[in-house]
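Listed after this line are the structures, all set down as structure tokens.
In what comes next, chain A is part of two complexes: it sits with chain B in the first one and with chain C in the second one.
Let's turn to the complex of A and B:
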């Protein structure tokens, strides 16, 4: 009996990729980890006619796929979000020339990777397909789609709009329109803000909840415990699992439906003053490994089941009995987690079960899973 | 009917189309993102409002009935105008900051166009226009639908390259996968010069077809102008080496194939480069340009491409679904 091949696009160093591959393997599937960033340095590609070969293996062997990352191969200094250290004036020209060369080289590489994934998505189910993943870098479009579907979002604008005029400086935030940098309070002095354009959004004060939606169902939700920063990721100390209110759950499901995302992670702000909830972000390739660890909700397992359901449309295969899977999952979890450290975190901040940073630290020590074949 | 024209205010193509739209009874609105967001802003709720000092007021983009994109986005960020390495040297943090700003600018423009495309007919739809920057995918789609394109392989595997070269007796060209570069012969000189390139990215090799070169302009699935390009045959790529353009009528079977190709690629308006193989007489589709230059072509051939496009835009305006091939320009 052929085992379903599930493609997992992303580097082996990514905890989400490893955990998902483990869950898939555990369920009798054949996970194929495909790191497109290794093309062409380490992996040979041949695409001719309808045949797409990666390292000699046909991409169409995949019965279903999960797209975690498309992959970048820019030198470290040019990765989005990095700052180039000050250089002596004499060496700057050389640096810019090299940078321009690297960017020019990356353009066709990105085009080719996207073309491969788009073609695969036409033939096989992909969660989430590349056209949806692009929304992560098109925040304006994402928010517009949500707004049109009646999903509450904070008032937003780009540029010096009337939204900014006469507002309390503490009431607005400057957000990136394509990821890369952190959300900041809008500074009254323009030179202290990022170079325009950026998204100006009304600041919503209250509790931040992260919710995961898979296949039109809320999988898990947790309050993000963080300090006084505007961007929660800068001062996050942990999470506290919560049950979403009926309204928040409806908003989460409507948001996922608005962008037609089979799988997503939503950031929902529950406003203290009004009790209303607003979607402030929707991530089409959310991190879930650390969240699962801390919340006790195995998102990777649900995702693996969903992928196998998609693959089963192509090749029905007998799943392992549920109990066996559960036992194996437990063993796997035990291997992945250093329990002692986990308990130590749980004694940390009240209402929390450890930090993402710490949890991600242990995940890097997780056992190795079947290597990519190419 | 309000027709949005995305492009530079002083672009001759935008000006030509603007005039043609007025003649066709439409109301053209030029939306120039070049200086965005220095002189304009976007407000977004369930509707998108655009304010520009040149528009003399706020434009509700949801009031547009159709739109045509001449130029708007880059698929990869480029440093903003007016900044040179010398200026960057004075501002070491500036390079990455401006690079980021360009990413944001491109993302905003792409968002606006995609948001509009979900509501009104846009020429060309963003997903179709993207194919111009993803040649491998474009080739794959054409193959799927039986449109004749030259034999192609995208690879960095030297054995496959050798096999491909042998199969075509060395008559192979290298094409840029994302546009922006010249098509050249994959000969010894090329491999000598770019041997290392295969370590960094796969290349697109294509069977070299040589015979007669043609370009045709298609609006709404109908060929509105076709011409034979006479050019310097010492080079593979005829761009900027055109010696003469001779208007021709497309053969019926080729016109049918063109119609099928643009329907499958979802390109209501485009220019197609074709080559008729001198040996076999087969017509090959080499490239599809979703935002072609047409002013010079119209001047040389006398074909009123702007008028055809304007009439087509007015005809499809206001329809909820993209009605790209329902109206031929003559019917508009």
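Let's turn to the complex of A and C:
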């Protein structure tokens, strides 16, 4: 019996990657941890047609995948938020060369990693696919989509908006648009605020609840216990598991549906004065390892089960007898697709076949029918 | 002219040509200038509204002409004068962060517009595919569109094998950076020592540029086999990649027409005057009337 191969994209140093890989392994799956930050420096890549070889192994061995991180977008020394001391003018040119070099390399590398993931997502289920993950860096687009879908968000603006004029300085917060730095109070002196453009949002006072949605269900929710800081992560001391009210649960599910996210973590503010709830953030690659440890709700286990369900659509898997009929149908379809692709390869120019195809292996074989896999 | 077009085109001779043409045909146009909008905060995004200098950008707009890939550099990094230096020297990390923030703002603005106005040339999806050429070619191949044989990556052995030129075949390479130009492979070693690249193999001297608006080819003269290729595959290429205006490059591989390249931000500056007007008129009609 073939063990399902579940791709987990992210570095082994990431707690979410480690805990998910462990849950998958315990459930009989074969987790394949792929750190895309190592592509292309430490991993050889060859991609021809629809076939992608990473270090000699076909990426299409993956039956389903979880995308935690695409790969860092800047080298460690240049990570935003790093406390780099002011540079003297004469060292600027050297810094420019370093920064420009890093950025010049980074754009094609990120494009390459995203291209790999996008192609994988066309052939296999990926949670969450890269076209959704990009919303993490496009916060206003994300908020706008929520607002247009009728999901309550606090009044938000970028630029010189009437929202900002004449407001109590304690009533507004400044937030990043690309999700990099911490939320802070909007300062009356512009030089103390982030460099524009940034997001200005009405500050909602009340309880902050973190909720996880997976496959159109709320998995878990907990109140975030934190001090007096505007950004909860700067003074968080713990969490207290809660049951979401009917309204809050409906808001969470509508928000996930509005951005079509199979898995997400939402920050919901329950406003003390009005009793209303607002989505203040929606994270498409949320951290869950610490939350699980503190709340006792094993998010990784649910995620692993979901990924195995998705993989079961591709391969017969004894844990899912109810899906057997569906699996057989999908198998026949997959085999048919394989067969068509083999034929297309064989019709192609002679030059397209050769050592690459031999190394790639899978498509040079006859189509795999379900009984062969058993 | 009925309806307004919102246009985002990078500065240069191409934008000058578009401006001149829209002015000539009296087309109501609102020009989005990335630099001034970001630095002067002229645009305001509010919950579900977009304002530019106080005017609602969505109401009354019939189409978005977006030929700006959104690629940008952190401006203060270029070559700061003393005043700029004094202002920024303590905020080096902020400079790097700001490139992403500005990019996020600009792309959000354009994508919200795209989602709210009736027609769009070109979509963000098209720009995404342009930045992922190997993924785009693999996807087209899966939909039975003949594309030039390609290999992407940094595996030296595979690249060396792939680039082994035979007879009339030539190889073209490009960096995987968005918008990188195609170059003929002149020195195999030079290619192998670089970053991951995309290499494509076609018959020597067989390249033909083709301008497409909507799903209609507006290039007047093409060889018979390439015209036939267009009839069969143009619709699939443009729809699959979210393209509405593009300059495709067709070539031949093993004597059969194939797609070698596409661009989501084609520049009309290099076209003869008559051809450029034809492309711009077809694009304007597409935006205003929703037809090529």
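FYI, the second predicted complex is superposed on the first by the 317 of 374 C-alpha atoms of A that agree within 3 Å, B and C clash if a C-alpha of one lies under 4 Å from a C-alpha of the other, contacts with A are read in each partner's own complex, and residues count from 1 in each chain.
Keep in mind that, in the parts below, a residue touches a chain if its C-beta (ideal position, glycine included) is under 8 Å from a C-beta of that chain, and two chains touch if they have at least 3 such contacts.
Owing to the predicted nature of the structure, the values given are computational and were not obtained by experimental measurement.
Bringing the complexes onto one copy of chain A puts chain B in a clash with chain C. By the document's definition of touching, both partners, chain B and chain C, reach A:147. Touch criterion not met for A:242: it reaches neither chain B nor chain C.
Once the two complexes are laid over each other on the shared chain, residue contacts for A:287 go to neither chain B nor chain C.
Contacts of A:60 after superposition on the shared chain: neither chain B nor chain C is touched.
40, 44-50, 78, 80, 82-84, 86-87, 89, 92, 96, 99, 103, 105, 107-109, 111-112, 114-116, 118-119, 131, 137-141, 143-145, 147-148, 155-161, 163, 176-178, 180-181, 194-198 are the residues of chain A that lie in the contact sets of both chain B and chain C, per the superposition on chain A. Against chain A, the residues of chain C that register as touching in their complex are 38, 41-48, 51, 71, 73-74, 77, 79-80, 82, 85, 89-94, 96-105, 107-108, 111-112, 115, 128, 131-135, 138-139, 141-142, 144, 149-155, 157-159, 161-162, 166, 169, 175-178, 180, 195-196, 201, 253-254. Interface of chain A with chain C (complex): residues 40, 44-50, 53, 74, 78, 80-84, 86-87, 89, 92, 95-96, 99-100, 103-105, 107-109, 111-112, 114-116, 118-119, 122, 131, 137-141, 143-145, 147-148, 153, 155-161, 163, 176-178, 180-181, 194-198, 341, 344, 348-352, 354-356, 359. On the chain B side of its complex with chain A, the touching residues are 36-38, 40-46, 48, 51, 75-77, 85-86, 88-90, 92-93, 95-101, 103-108, 110-112, 114-115, 118, 127, 133-137, 140, 143-144, 151-157, 160, 164, 176-178, 180, 198-202. Within the complex, the chain A residues that touch chain B are 39-41, 44-50, 78, 80, 82-87, 89, 92-93, 96-97, 99, 103, 105-112, 114-116, 118-119, 131, 137-145, 147-148, 150, 155-163, 176-178, 180-181, 194-198.
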